[in-house]
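Remarks on the structure that follows.
Should a chain be cited, it is by its letter among A, B and C, assigned in written order, with residues numbered from 1 in that chain.
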Amino acid sequence: MRITIHSSVTAGLFLLVALSLAWAGGSTESEGAAVPDEATPLAVVATTSIVGDVVRQVAGDAAEVTVLMEIGQNPHAWEPTPRAIGLMEDADILFLNGVGLEEGLLEIIDSIPTGQVVEVSEGIEIIGGDHDHDEDHGEANDHDHDHGEGDDHEEHEEHEEHDEDHHHAAGDPHVWFDPNNVIVWVDNIEGTLVATDPANAATYRANAERYREELRALDREIVEAVAAIPPERRQLVIDHVALSYFARRYGFENLGTVIPTVTDQAEPSPRDIAELVEAVRAEEISAIFVGGTASRGLRAMTEAVAAEVGRPVEVRELLTGSLTAAGGRGDTYLGFVRYNTRQIVEGLSN
Amino acid sequence: MTFNFGFGYGGACVLPAVPDRPALSVDSVSFAYPGSERRVLDGVSLTVRPGERVALIGPNGAGKSTLLKLVLGLETPQSGLIDVYGHHAHECLHRVAIVPQRTTVDWRFPVTVRQVVTMGRYVHLGWFRRPGPRDRECVERAMETMEITDLADRQIGELSGGQQQRVMLARTLVHDADLLLLDEPLNHVDISTQELIFHTLERLTANGKAAIVSTHDLGVLTVHFSRAVFLDRRVIADGPVEEVLTPETIAHAYGFEFHEHYVPPVVSKGGRE
Amino acid sequence: MIAWLIEPLSYAFVLRGLLAGLLAAIACAGLSAFVVWRGMSFMGDAMAHAILPGIVVAYALGISLFIGALGAAFLAVVGIGLISRNGILKEDTAIGVVFAGFFAFGVLLLSRVVSFQDLGHILFGNILGVSNGDLVAMVVVVVVVLAGVGLSFKEIVVASFDPSHAVAIGLSPGLIRYLLLTLLALTTVVAIQTVGVVLVLALLVTPGATASLLSVRLGRTIGLSLVLAVVATIVGFYASYYANVASGSAIVLTLSLFFAVAALIAAVRRGRTKPGAIETTE
């Protein structure tokens, strides 16, 4: 019996590739750059959707704000596309979270001919380095982490790039989990906008003042909400070290993490996980958390930890590196924080 | 592009030989390799009867190996027919076996002599059946015939050229084919192996098998063959060895030009002229 | 000592990881001798890389990643076959072209699927993230591979040793080749989970290569490959647990170590054998 394979298979393959490329070439979240015009509003670019939301709150309609990262994008893992770089170049101001969050920008930021580059986290008291969270760890911190700053990246490096010297700036970048830090953001953003676009200064100041008020209210809200959790159960376990600022502000302890670093682009070792499991077993935690932008593998590992503990432990999702899509439960920064607070309170007070 | 699903493999052949048909009938076969315009074989016709031993001679590139491949069904001719014992080539594979040119085999493959000879039985076994006592006996006898019993557990690459050739022939013996094809079996082979090969061929053809041997070696032709076919894309000559082997064909076979006015030297006794 | 062995296994995720490692190693070792002796190393490497777009597409469509990976592997094999069919380009070249193209396609798709961030795990394995469902699939694959090789052993050997003899007896070397490629695809998809795309090649090649240095009989070579792979997996896995290093790499390095030792043994053996020891009966 003989069979002839036609060139229709070849044609089919090419068609498949063409269709996939067409699908892949979908739109990004970013809108196009502003068309040059006489009365052009300020062109402002923000890296994460969280930074973007806060910038928009301050800028209002007076500036055109574009967010580079898509909804759901993990900021640690984000690599700017040529289009994103183009947007950064054309912008008048680029707002970054800073503190090494945007790992994909670290090496190239200096070579992009951008306008102003502003790290909105400037001036915040940074919880520094991978080791500063030691004081918040309970028994889980017996592991000898000899990580330098670059170590955790070596195990992971993207195959086709091999950036051996991929380092991140000292410090924990997850400042936005404490609304008081975002107040500092607002100050920085306001200052920059006013200096760059004095014509709209009044708008910026008014927006900033209003938003700062909302942030302070939010802070009070959280204090009240977490009071429902008994002090001995104020222990946080999450996929990577993201909640240090929240813990510091609201009186929680960072019991441990699946990945023991402030970046989630690292591989946990079996012993790290085993020790985390022991830590969770020893305490009376009823819930552990996983970030919305965590990878599938990390999510699976977090769930494996919960399953391993031996008594029912919930895995609750928190929003971490990104807002949700419009209409979702965390499509603004305020919503983001409220959602997370609710998750933590409900999870830990059961 | 064609793909053979191998349904012809294995099991006892159910097609009996058609009576009174020749062992091999090649009828006006033409063949060019896919992608090439040059015909390697052009209108070749040839008949071999059971009991015959035929030498296939010709220059390099004449199509001798190609013809053997076609008989086996390794390739399909663009035109013409090939019948083996009355059935189309490739229909009944038990009847045809080839002793290949050395280069088609991976000699470093980690198999022993006994394992290679046993492979000749697979044509009777097919999928999922393991060789049984009868097969093993067949293998031992064939190894004895080819005088390689003492090499049975050696890795095939450790053997000399002549020994390897005997192994291939032993494999063919257990195949128990009726038509044997030998492609340049005498290359790099020592005299005693050559003798063994011809002795075995004689015995086989005396028992009614047929054999086609492609060779460059003109020396053996007169001794071991009664019939020769001279092939150079077409059949140039086909008949008794003495008729086929003229100075012209010899020259042609070796790629020399034949000079019509060539006068053979006269050797005279006595002094110089 | 016993406690030291048992302690890691008291965690279910570690136990699953070890089992996954063993299953992947067994499947790969079963094919390793053929990969080595048929020169399929490059194909194996290519298949591992070609799987990437399949995984991403499957993830985007919400279907089983296993199926997506297999689909991509088969497409790659078909593509390679098509390109090298007419003999103008060698299979080596065809493999290179398809391998790189598929992988690049995968990376491109990955950059569009924002929520999929597992490139690191795909490249280097995620042995600790193996689920029970994954284990079941792996067991099935191992059974299929071992059965496939076991049942077709003599056919594979014939087709590898002397393809024209295979054809002469009606056995299509092409069929055997596609059978091996199918088993290779299944094995690769399974092994990617434990050692990742980049290191699958090591699991496919090193056991067979090591065993071939020590044995000249195919059956023993395969048996030895299996033993080496299992031992290396256990040693490597425990080493990664206690030394806090990546499991996949530890397993592969252990295999490489075994190879070095075997090479030494083989060299010593060769030195001890008198030159020209091949006997002739002439």
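Please note the rule applied: contacts are C-beta pairs under 8 Å (C-beta built on N, C-alpha and C of every residue); 3 or more make two chains touch, one makes a residue touch a chain.
Computed from a predicted structure; not experimentally measured.
For chain A, the chain whose average C-alpha position is most distant is B. The chain closest to the protein's centre is C, with centres computed as averages of CA atoms. Chain geometry summary: the mean Cα position of chain A and that of chain C are 37 Å apart. Measuring from the averaged C-alpha position of chain A to that of chain B gives a distance of 74 Å. Once the centre of each chain is set as its mean CA position, chain B and chain C turn out to be 40 Å apart. Annotation for chain A: residues touching 2 or more other chains are 5.
Each of residues 1, 3-5, 7 in chain B touches at least two other chains. Annotation for chain C: no residues touch 2 or more other chains. Chain contact summary for the complex, chain A toward chain C: residues 5, 9-10, 13, 17, 20-21, 24, 26, 70-74, 77, 79, 81, 143, 155-160, 265, 267-274, 277, 293-297, 300-301, 304-305, 307-308.
By the touch criterion given at the top, residues 1, 3-10, 34-35, 69, 72-74, 90, 93, 96-98, 100, 104-106, 109-112, 115-116, 119, 122-123, 125, 127-128, 130, 147-148, 150-151, 155, 158-160, 162-163, 171, 175, 190, 192 of chain B touch chain C in their complex. Here chain C touches chain B in the complex through residues 33, 37, 85-88, 151-152, 154-155, 157-158, 160-165, 167-172, 174-175, 212, 215-218, 221, 278, 280-282, going by the rule given at the top. By the touch criterion given at the top, residues 8, 11-14, 17, 53, 57, 59, 75, 78-79, 82, 105, 107-109, 111-112, 114-121, 123-124, 126, 128-129, 131, 197-198, 240-242, 244-247 of chain C touch chain A in their complex.
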